[in-house]
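Everything below concerns the one structure shown next.
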């Protein structure tokens, strides 16, 4: 496992800084994770409350499926030293929402889970909550979602209610994942987007595609009003 | 005190350049400060009229609670030399609004005060002035504000009238801070946002959260019009 | 031919990263190409499914007019080694839309073809599809389009229907290019923009000009509604 | 004169790249200039048709008041070599709009003139053309304009018709500068903004302030429609 941990951590840091630049992880919001090992599960995940625009490798934690922080696995040369790990364990803890990441990894077999708070995903998660989700169809960009081969695809992005009870929210997400077997993301009302992929690169692509499509739909709706 | 001054100055420079990139400190507008020492008060604050996109450490001044520029405290190795300080004292002066920073530090016990001029805070400070402020509730992002534990929080962002009489404006801000004990920021009409935090990192987080929420609310209101 | 290939590839990488930064190539969308040699045609084109924000020179392929990937031409010192090429040939394939690039190169004698997916080109390609295109006139920025000498120019940006049948889409584009001899770009409905130029620099300029004009027209239409 | 030429050129390059990043100089549009010497007038100005995002020092020309390109003045050590200058003189020519820069330098005694094509200045130059300009008042940001001491200031940003006849456009600008003695900028209809300052730093500040205020006013007008 250890050989690729550093690489995964560096990739998470790079995605975090890029998404922060686009305003999708403002004010320490959001969480990014990637699977390091399946059995037993080892997940690299951003620590709680860290500034994603200045994310450093030591702010990415290694957790098990119960979100306990591990560090023994990360001692090979080139990775963090024991003292850095101890220091990290003392300084950082995983976000409460890490549970949702673990759930999505299990339910979807995902290799990475990205949770962002963008303006457009917040706006849509609010305005379409009563419809239970947003239908997106007819866009070429849909082909950026894994398994979609044509723009004549109809994607449904479900919306679940927000909650501070993580077990309850995890269950709502499981239920939604089961009800929408082909969904590539889930919105939480007035909260943000969860998307995922087989790899971190694919998960990043899915976030970019969904963000793009929401903004395109939003601006189309606004311009329709303006168009004579 | 002196040991951490350089670090604080570097952090102010970094925040300034980042906020400038987002368009929140255009045209030399805005001021950023952080407490270096409480008793007697020593505040590091950006000089008046400097370009925040190219802010340099020597454009951050050290002032006392009466906003007199000090320099004797900054001579240890690694910090500015005496000639640089003399040069700075000659070239720069604190902004008149430094008084408002001092007032907020005192009233809130803040460790940092950030004043930004963004498009969205300017728009809201104007449109909601007659209501005396903006109520923001139900957003997950509110949890980025210190002490807020749930999205079921109702934040009121008060708006005060703008004035060029700094003593009078400082008093209006004191009054508002007292009337809104739990507010994390104040808008000045058609002028900008003041936010603060225990640390510079927390103050930065508060600005990002409030900016995000104003833009999300603004775009939601616009899209509602467009939504069929 | 070989001398300038490296330069062209570097320039494509630079344009890709810049356009990605502006949000015009999100989620691995879009394709960029430049002619390396006319007879027989050698086209440098971005591989399918690569992240344009992290595009690397080895992710630019050399193809012939039938979009077969070549590599024998790229062995001079300073360019990719044979093993890198082999590795690339194994890892990457050209996008199906490469056929459209070849078609535009032939029909227009273009030296570069750029295909972007921006918010504004997606919005306009949708809202104006029933009109068959968008007329843009009276803007100084039109002078950035090759051959246009005055703002009193009327540019028609045609819109074709989207399709997953590349031969059919290529024919639709040929027909449109013939029907609109002076057009500097074509929109595909709910898909994106194709623009081109004699050189890569000119093609980049055309994309920037058309993107600018669409956004300016879009915001003008929206503001008109708001203007009392 | 020669000592400060390099510095001025570097500053112009830096402003150009920053403004390009904000989308104010897309598609090689816009021109930036700064006075190097008053008598006889020597103006450093960006060459015609160059990409401002990749502007290089050798793409800044030195011209006299009749916009003839000079190079003899730029041979001291540290500045361009004779062969670089010859190369530049061959490759680049000043924009036709250089005449407008010279005119503004003379009429206002400006030390720098910046001409930008932004989305918001294009939108406003169009929508308010029939009113002859835009009145901006009551914003704190107005204090960023030279000589303005209070937000209780009323700035009028005049709009002139666009023309391809530079002599005629220069005269229209002279007339407008005389009719609006205190204006800090002029819009040309569906074309862009001219602003200026005593120094390049001040001119940059003026552009940022005016761009900010136009966008703030535009978004306020749009949000008013959306506000219940």
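Each chain gets a letter, A, B, C and D, in the order it is written, and its residues are counted from 1.
Assume a contact is a pair of C-beta atoms (placed from the backbone, for glycine too) under 8 Å apart; a residue touches a chain by one contact, two chains touch by 3 or more.
Being a predicted model, the structure only gives us computed values, none of them experimental.
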Chain-contact steps, minimal, separating subunit C from subunit A: 1
When subunit B is superposed on subunit D by its C-alpha atoms, the rotation angle in degrees, nearest 5: 90
Greatest separation from subunit C - chain, by CA centre: B
Whole-Å gap between the CA centroids of subunit A and subunit B: 31
Centroid distance [mean C-alpha coordinates] between subunit D and subunit A, Å: 43
Where subunit D touches two or more other chains at once, by residue number: 222-225
Contact pairs between chains, per stated definition: A-B, A-C, B-D, C-D
Interface residues, subunit A side, partner subunit B - complex: 23, 26-29, 51, 53, 117, 119-120, 122-123, 126-127, 162, 164, 188, 190-192, 218, 221-225
Residues of subunit C touching subunit D in the complex: 18, 22, 138-141, 144, 149-152, 201, 204-206, 208-209, 211-212, 215-216, 219-220, 222-228
